[in-house]
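In structure tokens below, several structures.
First subunit A sits with subunit B, and in the next complex the same chain sits with subunit C.
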Partner chain A sequence: MSLFKRVRHGKNKPIGQPDKPDVLPSLQQTLDEFKDCIDLVHRTMPEIQVEFVYFGHLVGSDPFTREIAVPFSSISADEVPSLLARTQYVETQSAKHLIKEILDGAVAIFYGGKCYVVNVYKPDNRSIEQSETEAVITGPHDSFIETAEVNLSLIRQRVKSSHLKVMKYEVGEVTKTDVYVLYIDRITNMGYVRELSRRIQNIEIDAVHDGNMLVQYIDDHPNSVFPLFPTTERTDAAVSKLVSGRVLAIVDGSPSVISAPASFFEFFSSPDDYYQRWMLGTATRLLRFSAFIITIAFTALYVSVTTFHYEMIPEDLLLTLTESRSRVPFPPIYEALLLETTIELLREAGARLPTKIGQTIGIVGGIVIGQAAVQAGLTSNILIIAVASSAIASFVIPSYVMSASIRLIRFALIILAGMLGNMGLIMGMALVVIHLSGLTSLQSSYLTPVAPGRFKDWRDVFIRAPFWMLKERPTQSKSPNEMKNKMKE
Partner chain B sequence: MVKEKLYPFHIGILIYMTQTGVLVLSLPRMLAETFGYNGWLALPILAAVASLNIGLIAIVHRMGKGKSIFSILESALHKAVLFPLYAALSAVWALTGCMTAKNYVYIFQMLSFNTTHPMLFKALLDILIYLLMIKGIYNISKASTSFFWMIQWMLLLLIFFVKDFSWVRMTPFFFKGGTDVLKGGMSVFTAFLGYELSILLFPYSDSNKKVMRAVFAGHLFTTFNYIVLSFICFGFFSFEQLKKLMYPVIDLLSYIQLPFIERVENLLFAFFLFSTVATVVMYLWAAQESMRQMMPGVPQKLLAFIIVTASFIVSWVPDTLVEVGKWLEYLGNASSGIAFALPMLLILILLIKKGAKL
Partner chain C sequence: MRLLKAIVTLLLAGLLAAGCGQQRILEKLGFIQATGYDLPSEQEREKGRELLVTINVPKADPQGKMKLETLSASVKSSKEARIEFARQTELSLVSGQLRNTLYGVSLAKIGFMNHIDTLVRDPSISQLVKVSVVNGSAHDLLIKRYPEHPNTGQYVDRLLEKESISMAIPRITVYDFTRDYYDDGIDPIAPILKQNAKNIAVDGIALFHNDQYKTRIEPDKTLIFAIIRQNFKYGEMSINLAEDKGEEGQVIFSSVINHRKIRVTREQTDRFSVVIEIVTRGSVHEYTGNLKLSDDADRKKVESLIAGHIEREAGDMLVLMQKNKVDSIGIGQYVRNSMSYSEWKKLNWEEVYPRISIACKAKVIIQDYGKFK
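So, the complex of A and B:
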């Protein structure tokens, strides 16, 4: 608690940093620094006068055996200096650096008043599995996990190029979370790399727990409802973005990899599009954009028409609608908001519960609430169709974060439609467009390729053109190598 | 990162969106009233006049090497002379913008929400306009481009009328049965206005020849749309009917029937909000640019707020659609005057300066 008080009162002492000036490392000083850390391991080999300090759960048994256990147990005291002369044992003369290395999974070796570190970091991590949030039918099923090193290896396995560059930064004054910035030299615009690195370095916070959290510290418009940088758990998606000239950021401890810059329309594409025949890919993309329109406007249009514009309903349909609404005692806006809120409650409950109970929630929601609400005269059948269609359509959007943003906007449009009819709906849409037009992602227009208009990019945004037509990288990447099928030099 | 500039495509769309406003709804009627039978054929003539005007602006662009018109003016004329000019420009442009918005609100209220106070809608519209205006010209152009795609699909709706289009209604008469051609012609000409604001875009665009080509392309696209729409109206409605319909395009849209929806004119008219917002924002932005020269220290957002608030207050004055129409007619004439006079004044200044150098 006292840590946070210090932040609130604006004192300039950095949290977690030693207050003392940097000194030469010593065993006692190191042990003092980690006082009360019962997970710290301190081992002594009196026969060769070497002492080791490390965190047992951060080091891997294999590298520990290879770098520490075997070499040090098989030598005599006079052989220690020659052993420590090997390149993997790095002498450190900074106490701060030593502390950092130990926290990063290194073993500190104290010998003859000197201190060496050797990196044997191998934390426990879960196995590589399929992403639950970004499932695909065809294509690779592996996805990122919470360990940045594993995630890096997954990318390196797919991009076997010396041009793939990785930079490492540290974020979080307490957590010291590693953030890796990845780009492909000669494909990625270095302006983007510099800008993203600058923003990551400027973050001042005690902890970063996830990639989706980090993006909120680095995006251009933190107050926007829209996500400005896409995050993905899919390895193939991340690599495709990398190759198309985007910059990636991997946060240690998070399976969500950030890519930047991005456009609004990028959130509607999925790796699946490329693994199917182009016509199917195109149809799916068009379906997603239709889903976007349905999500955002269908319920609002229902509210608008049934509140103010009954004349728009053809006679045959009007009878059905009137019959359906005759028992409903509320104005359409209340009816719609009630049902939309229920759907959101169901969705949130379903997301938090284990899969099997989640199914029960679906049944309870679908049958009990849906049917009972109509029979009780609280809502009309047609509204249930509208709300359910909107909800289903929102789940068609591949990005969960974007889908959630759009669902939130839908509420605003329903309220506007309930107040001002069709004009309210259109005003709401205009407001969304005005907001979108002001957004940028890493200083590049969020509405690319619509505004600014880049028609050649439309082939890979609104449709998924055949691969022979997709020869150029997206204009938004501003890549020094625009062509995909040849590299300069 | 390089600062974004207006590309020719943006400029073309921006000009098209500024030109296209609610006047298009009554354009076929105005053509029929003014020019008589086959009045739509007057459109290419009026478009040619506007093209001449664009030609004048292109000369300014070339002679001034893409410099801001304000810097050209200030290099030759004293501030004391320029102040009234800037004030007049700001007033005409701001009023044109605000009356266009009020006109839209009144037409909308003919269709629905008849009893609601029009200024409530005007206030909401002004909020939208203000929010876009403060984002600057580059974002205005981006929003206009998005609005363009959100409205342009409506051109495809004209396919609905192909079946009921009759060549007989076109008649073999040309420009018979018209009224005051000069006065009416000037009114119809105001439908093309909006291109004159391109003169303010010079400093924001790439200073190359494509800028003026884009302005011209935008204007041509407006002309094409007007011609297609008016042609369909002349072939769909009889001449006498066309003269009696106040907003023939709305009547045209109300004809569309789909199995699950009809009387779509209500919804489709709402889509014209996009082009109205684009038009009004551009006029108010132009007023802001002009005012900025008078008050260089005032922050942009405050200036925008002052203009939007002032135009909102002024729009209380006319309280019927007819009055708004009259205001728009006077303002349209004033804007047309500015459209021709301003480039000519600039050319004169540039010529004199060139002569002085020689």
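So, the complex of A and C:
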């Protein structure tokens, strides 16, 4: 079995029990289905011979009052048929459908052997807050929450267009999680929409808990270190991707919204690049790319230079470096791996702890380990600088998933540099580039616009050119409607 | 499976290749910063030891103090010196951080191209290693400790670097020296260092014929030498106008920007007339004479006095060079460019050079003369 094989999202038969023959819904059968579900509510109104079945915590009190409580309590028995003729009460002929509707927050109304459903779903959700993982200084601060419908409404508020189309799929044999696929008609390439929908429909799992988890089921290359689809919690980022011709997927229960297709370089852009003047945006973007190089190569360079290439050290640094190295009992590679592991431990510990204790971690890490390790002669102080700056540089990358992936590559490069010096470092970097250029995201090249070279896209990838220069949507979107602005110079 | 194969191949390649590159871990190395070559004493030479090699190895000290290890050995060849030095130190000596190579004047008179040659061939040695001649013994200069300058190698390097910025001496690297050595239209030069009681000083410029030291330019004349040798953008000279007839006073001529042109006319097959045209611009920083620099006519007069001074000094210098048969400013290159290569091949330049007539025409422009009138 090939581990690097591209996963083919084939059309397999769904597993699970064979389908039961569908029957007309009845009250007794419904109650049997929900046997032992004590949270199921069963109400009867004997005077008009109507029975209601629903989950109390799924329905909102407002819609319930409006659709059920008020109309049914104010009528007499002979008025019931005309009331149920209203459009919100949908008659259902299928028991399976009925059960699904109840689980989705509908009230089932049984009257005279017939069954109607009315959707009064209003789940509890937390309020809309600022994203903690993708905070920006200027720009909108709202972010997605765990309820898909709220997320949808946040997007609809920003894209007031009938061209914004939404499709809904269900993922998870047990959880039946809703997954919404969003695209803008006439901007998004329908090929991508179909491909993403097909992949989502073909997922066979029992449960999906998060967007970042779903992404791995629809990945082109599940064994790659690099995330192939960016996920964002920011509404403005999601909308900008939508408008540039990407397809979005919202997973119910997750604040992470998936966008596809994506290029490697997309992970290095942040919404606030566009909210600042273009020169500043360009500078920050270039800073992030240099941060990428620093993160993967700085410590490795230290290791290779101190182990093999003393010629590369500037004369004035030579003696200080030798002096601080002379007290370290390990070869540079062990020294570097030791400290890198410590930093990773600190980072992981800091992520788990509440903010107040997290500060203690900062002090322990920064002062105790940093200072004491040098004084104890465990590491050289130049290495502390190298390791710290590569750790800081890794946090510059806006996408958390990407920055974590990059940190992992660093370890491989350090080992290669320790064994083969600069040649190992270059070999490692070359392998990363080779790997990257083989990746695809929704069957489009992951390294667009570098390979294939789409040079006009570079002005919105490596730099952030002024808006009058950004007239076209990215080529990776293969948008049928390429122009996005007609601004003159 | 492909991933697995890739990982296994990588690991294997890594493990197998790990032994190939020689590890040179920083703290186990001794970095040779400066080397000195001399002729050893008579007794040593009688034993067949032709060379006295001295090296300077700065060492790191946990207290942050500068420590310097100086090793020297009388040996038959510079390769033997390496073995000799290895016996004397616990560090493995490497030459990738070499900055300076010094040659004692006695060795320089015999010629030292074979020692430069080893520097050029070793790939770990930079081509920017500076070459200089020591007026005296390179061994003594390197072995002595200068209390104010704990790291002798660095001291020499910075001294040469700084002096070459103001054109007091040319910046001669291994690359420059070899290039001029192999070029048949120019002869190599190198700065001269001198050991004083407490410090090291620059002591003029050594002029070579092939790799043999022939004569030197005195330290106070080095800028004149620079003016006729090359274009440059920054220099400083002091001129005593009293040496010339008529006027008195001292001029410090600074921020000198120099342009020189060499024109060659062939009068006969082996008779050439060479004109060196010099245009020098600069500011007067100090002037103690009676003329008013703000007055156009007076300033012109000072300009022509300076020009006259340059012309005369340069003329003397060219005579000296012709007498010693050293073409240090590269007139041969211009002569070569004025004819076909086959003609140049037929011409015996070394013979012709002392007999050509060289004239020097200087034009001096005073750009600024300060606030006072």
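Everything that follows uses one rule, which is that the second predicted complex is superposed on the first by the 465 of 489 C-alpha atoms of A that agree within 3 Å, B and C clash if a C-alpha of one lies under 4 Å from a C-alpha of the other, contacts with A are read in each partner's own complex, and residues count from 1 in each chain.
We take it that a residue touches a chain if its C-beta (ideal position, glycine included) is under 8 Å from a C-beta of that chain, and two chains touch if they have at least 3 such contacts.
Remember, predicted model here, so these are calculated numbers, not experimental data.
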item	value
Which of subunit B and subunit C A:Glu311 touches, first, second, both or neither	both
Partner chain in contact with A:Asp39 - subunit B first, subunit C second, else both or neither	neither
Subunit B versus subunit C as contact partner of A:Asp78, first or second or both or neither	neither
Partner chain(s) touched by A:Met429 [first = subunit B, second = subunit C, both, neither]	first
Which superposed partner A:Asn223 touches (first subunit B, second subunit C, both, neither)	second
Subunit B versus subunit C as contact partner of A:Leu420, first or second or both or neither	both
Partner chain(s) touched by A:Leu319 [first = subunit B, second = subunit C, both, neither]	second
Those residues of subunit A which subunit B touches in one complex and subunit C touches in the other	308-309, 311, 313, 420-421, 423, 431
Touching residues on subunit A, where the partner in the complex is subunit B	191-192, 195, 308-309, 311-314, 317, 420-423, 425-427, 429-431, 433-438, 443-445, 447, 450-453
Subunit A contact footprint on subunit B (complex, rising order)	1, 4, 7, 9-10, 13, 108, 112-113, 121, 124-125, 128, 131-132, 135, 139-147, 149-150, 257-264, 266-267, 270-271, 273-274, 277
List of subunit A residues in touch with subunit C within their complex	1-5, 223, 306-311, 313, 315, 318-323, 325-328, 331-332, 415-416, 419-421, 423-424, 431
Sites on subunit C touched by subunit A in the complex	1-4, 6, 10, 14-15, 17-18, 21-27, 29, 31, 33, 58, 60-62, 64, 66, 94, 96-97, 99, 124, 126, 154, 157
